[in-house]
Amino acid sequence: MKDNFSRTVAYYPGCSVEGTAKEFDESTREIFRVLNVALREIPDWNCCGSTPSHIYDPLLSAAISGRNLAIAERMGFYEVMTPCPGCLKALKGSIEVFNNPLKRKDLLNILDMPFYGRIKAVSVVQFLVEDVGIEEIERCVLFPLEGITIVPYYGCLLTRPPKSAQFDDPEQPTSLDRILEAIGATVPHFPFKTECCGATYGVVRKDIVGRLTGRILEMALDLGADAIAVACPLCQQNLDLRQEQIERYRGRSFKISVPYITQLIGLSFGIDPKKLGWHRLAADPQKLLTRFDKLSKKRPTEPPTIR
Amino acid sequence: MEEREKTKNNTEMRILGFLCNWCSYGGADTAGVSRLKQPTDLRIIRIPCTGRMDPLFAFKALISGADGVLVSGCHPKDCHYSVGNLYARRRFEVLKDFLPFLGIESDRFHYTWVSASEGQRWQEVVTEFSRRIHELGRNPGFDMNTNLVNSEAR
Amino acid sequence: MRIGVFVCQCGTNIASTVDTERVAQEVKKLPDVVYTTTYMYTCSEPGQQEIQRAIEEHNLQGVVVAACSPRMHEPTFRRAVEKAGLNRYMFEMANIREHVSWVSNDREANTKKAIELVRMAVAKLRFNQPLFPSRVAINKRVMVIGGGVAGIQAALDCADAGLDVVLVERRTSIGGKMAQLDKTFPTIDCSSCILGPKMVDVAQKENITLHAYSEIESVSGYVGNFAVRVRKKATYVDWKACTGCGVCMEKCPSRKVPDEFNEGLSFTRAINIPFPQAIPKKATINRSYCIYFTKGKCGICAKVCPAKAIRYDMTDEVVTEEVGAIIVATGYDLFDPSAYGEYGAGQYRDVITGIQYERILSASGPFGGHIKRPSDGREPKDVVFIACVGSRDASVGRPYCSGVCCMYIAKQAILTKDHIPNSRSYVFYMDIRSPAKNYDEFVRRAQEEYGVQYIRGRVGKIYPRGDRLVVQGMDTLLGIQVEVEADLVVLATGIEASRGARELAEKLHISYDQYGFFMENHPKLRPVETNTAGIYLAGVCQGPKDIPASVAQGSAAAAKVLALFARDTIETSPQVASVTERACIACGKCIEVCPYGAIRWKELKGGVRKAEVITTVCQGCGLCNATCPPKAIQLQHATDNQILAEIEELCA
Amino acid sequence: MWSEITKKLQETVQNIMPQVEAVIGWERGFNEIRIKPVVIKKEGDISKLVWNPFCVQNLSGYLVKSPAVIPREGRRVAICVKGCDSRSVTALIQEGFLKRDQIFIIGIPCSGTVDWRKVMKRLERSSVIHRAEIKDGRLMVEHAEGVEEIPLREILLRRCLRCVYPNPTVSDVVIGETVSPHIEKEDLYKDVEAFERKSLDERRKFWAETLSRCIRCYACRNACPLCICQDWCIAERRDPKWVTQKPTLKDILLFHGIHALHLAGRCTECGECERVCPMEIPVMFIKEKLNETTLRLFSYEAGIDSNLVPPLLTFNPHETGI
Amino acid sequence: MVARRKEKKSQNRIFIPLEGLNQTLENLSKHFTVWVPMPSGENEWSLEFKPLHRGCKILLDRQSTLPPKKVILPQGQTLIEYEYKKSESDPSKQDLVLREVIDESPIIVFGTRPCDVRGFLVCDKVFLQGRYIDVYYRARRLNTLFATLFCREADDACFCSSVGSGPADMEGSDIGITPIDGGWILEGLTDRASEIFSLCDCEAPDEKQIEDARRVQEEVRSMRVGNLRTDGVLEGVKGQFQNMELWRDIAESCLSCGVCTYVCPTCYCFTITDEPQGLRGERLRSWDSCMFYQYTQEASGHNPRPTKLERYRNRLGHKFSYFPLRYSGMIACCGCGRCIRSCPVSIDIRQGVERVREAHHGCVCS
């Protein structure tokens, strides 16, 4: 099985995609199959520790994520890919601690397993842009999303902080823009592409999320967007799941679909929306899907083999 | 006599310093003017620029019985002669790498950059280098001046 | 050699921690030492006389003074021995104060160290040779590189003093950045009204040769005798014939040429005179837009030119100017704000830079002095200024303050109110830096009289709302996030080193800092001198500064040149490299490494080549000496023998 | 095999002879296993030329060292080079001692040259050598006391056993088949690394013992094509006085230090210094270390690219960690 | 005991068994410095004469790379030690104190070959004849004895028989060594030999051993090593002095190194330098080589032998022409072949001599 793929990458799903963001995981796995990349899930992976662990003790956080990295290293990988930017930050944080000569010893002591720090953590988006390449994505498109206007929303962590992310322009990123253009969508300049969605304040301070997410949704609607493409489970949750809540808060109806970038790519690849988890989205995507069915024309070229 | 007793335990090492006239020699002066106390082992030779410093000077000193050689010049890109120290640092780096091959500790040769204003840095450099040389002890060298085995022979 | 050693007590500065008597007694045992003594203050007048007396009495041929740093008193003692008839290079100093008595209280160790330092000095002195300086005539012409206000000032001051001046300008007209400005702070007087007359002066002075649209190709020579090759770029117009009538410009069919002078806010023609007050007021063809050059046919300008000055076949010309001194006044460039993606410069047409706004405000600007938005030509009501765009921000590699932005923002805000009385101006700033005469008062006027709203904080994002822009930032005084809706946003872009500054510095053999600004010889005491004799700095090329400071520095540089030219010849140091010809193996390695181009080939008969030092160019760094494998090239006064003698004295 | 290449070599020289001033090659020496350099100036001498694994000398020095074989205006000098020798030629071009268009390079791929001392050691005595022949990787020596057969590998010069450039890197004509190197490039400095694993004391002792054999005949220096000071070497001169005449280890070490450091970043590892040493001192080993250093610090190998400047004759303002 | 020793004292031959060599020489080394040929390094082919030390490996089966020249003429020899004594009261006054360094300690060189000793016979002419006697050389020379092998190890480079010597030439040697099965027979050639034999503590050889030795000597005497003809070369060098094409032919490949001269038993050229250190110093005589440019460099800057061609001409000319002209025909070459063997570019001095003769006489008649 492995032999039929052009390459293999270690895959760290993270907790979110097992719960609220299942569709991110499903669509990721689907599109990479088309892109001929084998995802090897890190066996016995554990939670990245998320926000609580690094607030409590950065070293603990580094060790928790370090374990996942060490396992991947042991499997012989030099790169681990994760869909969740939160997990990404935790993984990168672990490598940063490893690279700090003052802390390395402590980290390795806690870890108590061989870890050489040569592995690199990347997001799904970064992997798509830098390893797979926009051209390769474009080559696999069967049904371009022609006539559909989509704004990209990057959130805070995908490209920032720049020192740790080392990917794209921190303030004016274009990677999602380029992917969307490659799959045929119309992509207007979206000024709020890196504005904060309010993150975890969705639980404790609904007003803040209402305001922050609200303006993002409003800007998208004002730009005539049919959908907002995201790449972060938490952002997606705020923009999608809380949309009704925010409608009440802002007194304005949005009804805008907020799919993951991978779901959109999958759509253009001609994968069954169900397999991509479109049905799991909270804001009903039917309007978008109908529009897609109506507008998209299959490319005349023969599709690459879909397994 | 008492003075002598005081220095006895702490035998001086033979340390040569090659300092560029424009930055480091001035830096050493600044340290002196500021009365920054330093170990007394170092003997300074003034050269116009670290670019003048032939690595062979250090090499000859180290095989002739010097316990340490310290070279200091202007910070890179601050060279009075614009590029002398940029050539020099390559040569020094090569020498540093070469010495252990012959059995001479790399640390016996050290190069650094100290500007004319960095008196305190100079104090630190001298103190640290002298400490390191004391730690290494006498340079066993190459049976320096005695003639070769079977001296009669040649 | 008969050597005398003088051990200075320096009052108690040396004597308190060094047994100077013992030093004098010990060094008496050294070879060639025939006289030693100690003295309370050797550098004093009687101390110097004592040296002179000893030289005569003991017939000394060389003198060692063990005292303070040679950086302090070497010149003093050299003069003293010279007065007694010794060559000044038959003298050495042992630094037993800064390097001995002041850095340790261990009297025994200090004394031993002092003895060894004197031994080393004696060992070196035994290899010293009398050296004699040579004198070279000074070519009393000066070159000024850069025709901005600093360069113009320097050129005029030199010309007024009667010097021949060569002024080289990269663009087609002199005037620099100041010519682009509308008004100047804090007086609000018209920039071109005060600069214009000076520019005209340059054109009219007979002793100023102006090379506009020219760049420095290479520099050789040394103080008093530089030869500078200047590339005069092809203008395709014979400037001797061109009268600046402007007919060609009127008739030129290529009308979509971004106007550089107007910072791209308007278009000009492929053949153009950059602005009405240009000096020289001559036309130049922009090859990349000219239809004749791009399509191969047109030739309208040639047809209409009444002076028949068009020359399509013109090529670059390189002229060599021989000068005795060079003033570098190459100015600066402005930071490219696209590094700040969140500000959308380039993305939103109504987000502009300070210099662009300057052109908008100018009566000779793209909109005739009426403030309009570049996007739709509408008059703005709310204008936001953002300070420190590319200044004081390490994340974009510009941690320094540009020094002028706070002031020009205040000026532009005031002018905005003058132009559009019912407008509102907002300034986002970090700190207000207005330290010069009448500066802070000026900023206060902007705030108090003109009602400009100053908001202390950084801007995080600019985004459009309808046809307006929302500037979202932080008010750090109130601790709240603020949003200001604006019609026009002006980014106060900072100053950065002129493009090409590093390359020019390398041609001139002067140093530059990490940002590309040229290095002065001393930040306080020699602010316009460089490390290379005969090359001086003026204006922003040395570091950010405003117009008054640039002008002052221009005059200062001119004063330095005049001081240099007050003499007919200059003395060159004999501490230079010298070639032992027969040992030279002609490997050329010295020529390759010499930072000054001071070594060249000399052809002997039979096609034999040897290296030859141009002593007046040589600066005495000794890099060649260290590089020469057979040590055929020796740096006088720091020869291998001298340094080896010092090493051996200590190690043997 | 060798006679074939010799024949081809002679044919090639025959063809180019009219255009060249002279041809620098090898001829038979005082016995079969001792070859010596020869300068062919007339057609009648072409038959002297030989090529076989006893052609040990690097001939490139004859192009530059006085009195060098210098072509008249418009003509060229032809030179035979092995892989290692070709790097010396490139290095000489690099440093401006030669112009590429002044020379005609006859490249000969080389699978290793023979150390005559190793042969003698196998014979275990000095003896008159009647015949020597190499076949199928073995040397057959017929001498006064009998016949000995030795695998070629066992008698190759140390330099050849660690050769990674057996094929000429620059040439106008190549004679013979391309051969593959004895070792991989990454193993080039494994001897250096192994030596560096010894303690400093051991290393110092090794050099003290080894160099104490040195008789300062300067053969290592004079055989080196890049030791360009020659008659003006500071090891021999009294002004400036770097080295004394005293027969102490210090002075010997200083000479070898001068030799090595002057070649830092320039040595092409042709191994001539070591081959010519009558006292069998591994002189090249010192330079191997310096080459390892310059390769690691500056990613530089001498005599590969004639456009590059040797690393110690230039600088890079941006390099860090140096 | 007494009688036996007496008997030994009078004996003129002793036998040293193979395994007894080191012990015998160690016995001698109590009274003499004993120099023997041994490998210059652990795994090296080259041999060098070095003072005997316990357990050293003595190799008599081949010619040494370096001749024993250095025993009498060290590579660097302190002739005088000097010191300036400064006056306590007036530092401008000083006295010079000199000390001559003359070494008269007794030496035996064991295992030389006829060519090695021949080298000293050549040097003797220079240092011990005529108006100027070299006291440093003489002191060592008079106190050194040579035990020389009947040489059976000639190779392609040897030509001792062509220069007035031969593998059995015992001139200048004090003891002859004949290798036989199981050991060596030592035979006294001068008065000094018997004194040495008495210190060796060895048995006298039996009849068979004496007979074996006689046969070996016979065989060696019958050997003719080398077929170089030297007639006419005396004038040849002079006649061809200006023929630079000839010298170019002979020495074009020369590297100007000093190998040939430093391995040569007859090359005695030296330089004298003062090596000061503060107020003390020494006057040093060290080997120099006529192959070096600096050897003939004059203070004026002029160099009479500017290229290797003139220098090689000098070496060959000196050995085969100038020296014999001066010292009644004695060729300053012992035919040991070391210069040929060790030359990095295999220059063959025999070939040079032949070329000179050929050029001078127009043909080679041999």
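Residue numbering begins at 1 within each chain, and the chains themselves are lettered A, B, C, D and E in the order written.
Assume a residue touches a chain if its C-beta (ideal position, glycine included) is under 8 Å from a C-beta of that chain, and two chains touch if they have at least 3 such contacts.
Because the structure is a prediction, the values reported are computed rather than measured.
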Pair sharing more residue contacts (C-beta pairs) when C-E is set against D-E: D-E
Most centrally placed chain, judged by C-alpha centres: B
Intercentroid distance (Cα basis), chain B paired with chain A, Å: 57
Distance between chain centroids, defined by C-alpha means - chain C, chain E (Å): 70
Chain centre separation (chain D, chain E; CA means) in Å: 31
Approximate Å spacing (C-alpha centroids) for the pair chain B, chain C: 34
Multi-partner residues of chain C (each touching 2 or more other chains): 582, 593, 627, 640, 644, 648, 652
Residues of chain D touching at least two other chains: 215, 230, 232, 237, 242, 246-247, 314
Residue numbers of chain B (touch at least two other chains): 60, 64, 77, 83, 87, 91, 145, 147, 149, 154
Chain C residues touching chain B - in the complex, by the definition given at the top: 69-72, 95, 97-100, 102-110, 112-113, 116-117, 120, 509-511, 513-514, 519, 531, 575, 593, 595-596, 619-623, 625-627, 635, 638, 640, 643-644, 646-648, 650-652
Chain C-touching residues of chain D, taken from the complex the two chains share: 95-97, 228-230, 232-234, 237, 239-242, 262, 309, 313-314
Residues of chain D defined as touching chain E within the complex: 29-31, 34-39, 57, 61-62, 65-67, 69, 117-118, 120-121, 124-129, 209-210, 213, 215-219, 221-223, 230-232, 236-238, 244-247, 272, 275-276, 278-280
In the complex, chain B residues that touch chain C: 3-4, 6-7, 12, 14, 16, 21, 25-26, 28-29, 31-33, 35-40, 43-49, 51-54, 57, 60-61, 64-66, 77-84, 87-88, 91, 123, 145
Residues on chain B engaged by chain D in the complex (per definition of touch): 55-56, 59-60, 63-64, 76-77, 83, 86-87, 89-91, 93-95, 97-98, 100-105, 140-149, 151, 154
